[in-house]
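Encoded as structure tokens, the structure appears first; notes follow it.
By letter and in written order, the chains are A, B, C and D; residue numbering begins at 1 in each of them.
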Amino acid sequence: MIHSIFTQLLQTLLIVGLAPLLVGWVNQCRAWLQNKSGAGVLQPYRVLHKLFNKDAVLADGASPLFRLAPYVQFGCMALVGTIVPVLATDLPFAAAADVIALVGLFALARLFAALAAMDVGTAFGSMGARREMLVACLAEPALLMVFFTPSLIAQSTSLPTIVETLAHREFVLYPSLAFAAIAFYMVSLAENARIPVDNPTTHLELTMIHEAMILEYSARHLALIEWASAIKLMNYSVIGISLFLPWGIVEAEGWLLIPVALAALFAKLLAGGAALALLETLSAKMRIFRAPEFLGTAFLLAVLGMLIRLALEK
Amino acid sequence: MDSLSAIAANVQPLHFVLGVMVAWLILGGLGLVAQHSLDFVGHGLFPASAVASLVLAGAGLAALGAPSQAMILALGLPDLPFHVRLDALSAFFLVLLGGASAGISIYSAGYFRQGEGTPPGVHCVLYQVFLAAMAAVIIADDAYMFMVAWETMALSSYFLVTSNHKIPAIRSAGFLYLLLAHIGAIGILLCFGIMQGGHGDYTFATMRAAPLTEFWASAAFLLALFGFGAKAGVLPMHAWLPEAHPAAPTPVSALMSGVMLKTAIYGLLRVTFDLLQIQLPWWGVLALVLGLMTALFGVMFAAVQTDMKRLLAYSSIENIGIILAGFGLTLIFHTYNAGPLAALALAATLYHCINHAFFKSLLFLVTGTVLHSTNTRSLGKLGGLIRHMPWVAWLGLIGTIAIAGLPPLNGFVSEWLLLQAFLATPGLPSSYLSMLVPVGAAAFVLAAALAGYVMVKFYGVIFLGQPREEKLARAHDATWLERIGLVWLAAGCVVLGVVPVFVLGQLDHVNAMLTGHLLGQQVGGAGWLFVSAMAPERASYSPLLFLLGVLAALGATFALVRKLYHGRMRRGPAWDCGFPLQTARMQDTAEGFGQPIKQIFEPVFRIDRHMPSPFDELPRYEGKAEDKLWYALYLPVARAVEWISASISILQSGRIHIYLLYSFVTLLVLLIFVR
Amino acid sequence: MTPTFAGQLINLLAALLLLIAFAMLSQRRVLSLIYLFAWQGFVLVLSTTLVAYSTGQHHLYYSAALTLILKVFALPWILHRLIIRLNIKWDVETLINIPTTMLLGIVLVIFAFNLALPISQLASTVTKNTLGIAMACVLLAFLMMITRRKAVPQVIGFLAIENGLFFAATSATYGMPMVVEFGVALDVLVGTFIFGIFFFQIRETFDSLDIHHLEKLKED
Amino acid sequence: MELIILLGVPLAAGLLLALYGHKERAAELNAVMSFLTFVAAAFLTARVIRDGPMMVWEENFFIDSFNVFLVALTAFVGFTTSLFSRPYMRNEHHAGKLNPARLRLYHSMFQLFMFTMLLALLTNNMGILWVAMEAATLTTVLLVSLYRTPASLEAAWKYFILCGVGIAQALFGTILLYFAAERVIGGGGTSLLWTHLNDVKGQLEPTVLSLAFVFLLVGYGTKVGLAPLHNWLPDAHAEGPTPVSAVLSGLLLNVALYAVVRAKVLVDGALQTHFAGNLMMGFGLFSVVVGAFFLSRQKDVKRLFGYSSIEHMGIVTFAFGMGGPIANFAALLHMTVHSLTKSAIFFTVGHAAQKTGTQLIANIRGLADTNPAIGWGLMLGSLAILGMPPFGVFASEFLILTTAMHEHPWATPFLLVSLGVAFAAVFSRVQEMVFGETTAKRLPHSPALIPVFIHLGLVLMLGLYIPPYLADWYRQAAALIG
């Protein structure tokens, strides 16, 4: 019991706390790959600190919803962080939501983001909101289909069970999971506003998706949003890890194994971040109306994975 | 409500139900007496009717657990008096009716204004008859009473829809509505004709007993699907729905969309699971496919609408599609003897019924208030209302989150359960189904995700941003009676969303009755806090914890930010990347929101574009998305009828010799026939 | 068994009746049409009295008398007066040319005979074979109504049908009950009067008795 | 006793009004006489309910549960129609469409028509039945041509010729019937009495009877308005005065069908097959389809409802054709509610036409605004006739459709399509006439709409509750028809 509560707290803090670090690491890697020196892995923390200290400037028309939204986003992302098994699978809070609920949680955060973006009533804000929702409503089905494949394997949609099945039953190779993994990778690129769907570092409003939504935000609100998106990236990474390379996650009472799990986690995150940076360096952002095709492909792959699961791995 | 149910438990709930129906009719009569006194009708009759609705809901709750009760009324055909029966299924739908109509009635108390179409008293009588007729449909226990109640329901709602009959568009909408309703009713009638014993006994009891061959059972099912589908707005009998809902006064649209559509689902369940002795798998597949198609169709068209009530109407089509899909899934599981799964799917279906009743009514009423304070239904003329009508806006937000199927509100629970049911299909013996149904799940998820898109458009364009017209600044908030109604429905959304285990516990009575299986431990296994599908370790979800978690995280963040840093804040003009002159017209419009959907799902629509030429004085682009089915199905049928009647009119050529010739030839033919 | 002499006579008259029916079908002039109609009535009277005499059905004498008054004198006289009053000079125009009409008529006769055959086997009366002829007369008159374009010939056709029916009644069944006979006679009489009224009205409204004026009411 | 009044009053009234029909109070006299007739009919009905079928005047008149309810119905509708026609005809007179002579003709012919109807219903003699039907034709021909407009003349002429010829065929059928009967019963007056025929129907010669039935069906069927013998019906309904259209639809068609059914009983008894039934089902179904599709082309409101009568007579004939207790019950019920509803509709339509000065649907608009009574009467009546509950028409159509679905499923697609088409056709027009902006004007004599709402009230009652004695009555009749 204590163990589970401890792990719960530990991993929550870990995810919330280390999220900016992951972003920093990715940016740093990208800088290196582009032969730049880079601002260092801690840069995101500095940015957040600076933003928190600033005075908030609110657009005249902004309604309370506008101020509420950042907290909701942050809260949702933090909540996700408490559900995904990162170090150990016996999380007391994990029972509160399964993968479907996770998707719902992401959607909730997104809904508030989009509404807030429309709240001030600027051209770019509403445009960004629309694009975000468009991408999302195509990514969401793909994401759920991705989740279905392991769920079918584990006969369950709750992450701990899935992890236990994949990591601690006898080892089996699941070709279906390969499809699911690729699809998941594409979806998470789209969901986290990364290249090739969106460019987090762009300054051209007309090409923005996520950035366009938060143009009106400043100071602590902006900080919360940035942090929330960082946690989102973190969350997606750990979800991917727990679904597709769950080895190292502790099953039950095992104080000693926690450090091992930690080490494994760090290793995986470093690798994943580097891979992400590499991909972002190699590929270019695509036009907005190519995004549906991109996500359609992801959807197709996910469904294929599921069918393979149903047809071959009976 | 509990105290009410406690009282109702002592006496027979059925008596309460009949009493409520009578009360409604009396209230209607009073309305007819004092036709034009808005005050009496508004502040006297409608609240009373709302109270009656509460009593009805209480009686329904009480009857859910109780054994079924039957009565025979002194009305009807000589050999066929009206039979009424109150079992778990009817009780559930009575709760739905009572719960939703309570909010709508109290809202209507503040809604109806002088000088809008027919006088308030007439509104009142039609409204109350409409309510009573729906209740009668639900408790009817013989085909005759069912049909009478069914058509009375259609008729009263038709008159409500056309209450502002000076406008031709409204007249044609009402006509289309009543026509499809009537044709559907004939289909239902024929379905009963198949199931009746053949010796003038139309009670449901004998129909349950009557054994049918597979062929006739299928015929009956198809007729029922056709008839009830026409009422529910299932493809391709949906055409009336997006016309009639916007035409009607808002509380009526809410009642029609929230409750009346469900009576069709009730009928479908009643006929398929209760009256028919055998069910076949392919029925389920048919219903599933139809449902998913309807859902996708509805949501895609909702995405391209620019009239807020039309948008909601199409979204109703989508939700009906989801419900129908759940029904089909239930049927599939049931026919493959996967009892528990059938129970799960059925619970999801019913759950979505009641959820839709609440959030769709809520949203329709919200549009009603907006309509009253702005006099426009077009999304292109709204915006920024959250500042002038905060009550409506914030309550509307609840409805938006609920209908978008997001946790922790009620929309998510039913969709979650349905997805769980979808995930269980690989267990089916038929390999085809076990592979195809999960793909159906994909379609379902796509529909749900698009619903989120639609609702962001709906809420954002109406309530957020800058007002697109000057007059919007004068928009006033809901009156206190309207607020009560809105709050009631919103509260319903929250409660249904947060304590699913209790709701499912109640639904179990219906499961037991229709599928013969209880969910019981499957959903309640992990304690009252967690709802779980099949087994806790399989999947579990706790909306309450969820809600608390979000709130806690939210509160903690807020507190921490305030504690560690500061709360300083000042206002300034919107930045918008320093873009100098920005007007409200630069915001994204409803059309703008529809455009990408049009582009991605082009084949679904029939789009006629009007492109500006380079030499236009006032260049304007216009792209109207229309219903392909209207052109592919309805117009051809109309033309066919036209053609036949044109060609048949040769019979009446006006020449007496020809007439005599008919008579002569008829005679000769018959004489030959006799030989 | 061979029919009695009276029976043979009646059969002869029946044949005569059929002949007159054909004559009417082929007749072009309206006046002679009326005369033919009167003759038909007269033959009817003869046959009726014959039947009455040979079978001793006394009430048939009444109906014979009735027929004599009504169909031999009254109706032709009325029609004749009408023709004079409306000074109709024209000949009868037919829709189908006469020979074709005759051919159709012959086909009808054959059909009627075949139809009546099984029935006349059952008949116990001396005049059993006449039923077919009666039916033939009815059908021929019907055909005449269809093929004639003017109002008056149509009415005459109508009355000829009545004659055929009457013949059927007397010959095949020795006459209907008296009360019915009277009723029928009354109706025919009134009917003819009304026809007369109509002729005048149609005449004064369309100043012609051509029926193609009466083809306005139709579905278009 | 009642019988004497029942038949005597209309006859006397007919003769009386032939002399004084143009006087100021003639309309009232007309109404009073009709009322007396109705009272007599009511007493007769009560008596028959009390002590069963009865024979009067050496069996020349026979009243059983089948015809007595039609007698009551006829007398009742006749009475209400006379009430309606009082202001209606005054308005016509006021509008200069009628001179006193015509008014006289109208009143006397109306009463004589009632007389012939009642005679046809009450008589036990198939021959007298024929005579009465023919007489009914003659009287109504004069009524239809009352306005002496070219159109009304044409309508009356067609009506006269077609029904005359049809009726003649019915006479041939009657002769054949007699021919068959006298071989069993022997000649003389009694062998055309329906009761006697009914007693010996088992022994009647099948071939002759089947021939006879063909002639009777074609003959009386012409007056019922069965397609393709229906052509006179829409013209006569459209061109005659509205009260006449009301009684034509409400009464004449019923009585003609009554004759057919009487004949069917005998034929069924003789043939022991479903021959007659099949014929009637065929004609009925064809009439339903034809009527329904004609409906969707109408521009004239009275024509419209004329065709609707064809459709409904088709339904009733179909039901009688199916036979069996339920179908017959439903058919009788449908006869009742149809004549009540249709006459009510014609009342409203008549006043609407007077108010707007036209029968063209396109020019009648917004009745609900200026005259709510007329507008809503028309709306409710049309909904009732279209088979919308809780009106009685729905009750009968419910029974007919379900029975058809159970016994002759092949017929139901036609019924489904026809009812749908009919609904679309009629309701789209009625809606436009009742709703929308108005075109009506004031009238010198205020319309009498009590009859409308009495009728609709009765129809509504029959939809929700059929009094037990009425039900027994229908049941006996249904059993009698077999």
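One rule holds in what follows: a residue touches a chain if its C-beta (ideal position, glycine included) is under 8 Å from a C-beta of that chain, and two chains touch if they have at least 3 such contacts.
Note that this is a predicted model, so its numbers are computed, not measured.
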item: Number of hops, chain A to chain D, where each hop joins two touching chains; value: 2
item: Selected pair, greater C-beta contact count between A-B and B-C; value: A-B
item: Chain centre separation in whole Å, for chain C relative to chain B (CA means); value: 70
item: Euclidean distance of C-alpha centroids - chain A vs chain B, Å; value: 36
item: Chain A and chain C: spacing of chain centres that average the CA atoms, whole Å; value: 101
item: CA centroid of chain B to CA centroid of chain D, Å; value: 44
item: Touching two or more other chains - residues of chain D; value: 157-158, 161, 165, 207, 211, 234, 294, 297
item: Sites on chain B at which at least two other chains make contact; value: 649, 651-652, 656, 660, 671
item: Where chain C touches two or more other chains, by residue; value: 115, 142, 145, 154, 214-217, 219
item: Chain-chain contacts as defined at top; value: A-B, B-C, B-D, C-D
item: Residues of chain D defined as touching chain C within the complex; value: 125, 127-128, 130-131, 134-135, 138, 141-142, 145, 148, 150-151, 153-158, 160-161, 164-165, 168, 171-172, 174-176, 178-179, 182-183, 187-189, 191-192, 205, 207-208, 211, 234-235, 238-239, 294, 297
item: Sites on chain C touched by chain B in the complex; value: 95, 111, 114-115, 142-143, 145-147, 149, 154, 211-212, 214-220
item: Sites on chain B touched by chain A in the complex; value: 383-384, 386-387, 397, 400-401, 404-407, 412, 416, 419-420, 423, 426, 434-435, 438-439, 441-442, 445-446, 448-450, 452-453, 455-457, 459-461, 464-466, 526, 530, 533, 536-542, 545-546, 549-554, 557-558, 561, 564-566, 568-577, 579, 582, 584, 586-588, 592-593, 596-597, 599-600
item: In the complex with chain D, residue positions of chain C that touch it; value: 57, 115, 118-119, 122-124, 131, 135, 138, 142, 145, 151, 154, 158, 161-162, 165, 168-169, 172-174, 176-180, 183-184, 186-187, 190-191, 194-195, 198, 201-202, 205-206, 213-217, 219
item: For the chain B and chain C complex, residues of the former touching the latter; value: 649, 651-657, 660-661, 664, 668, 671, 675
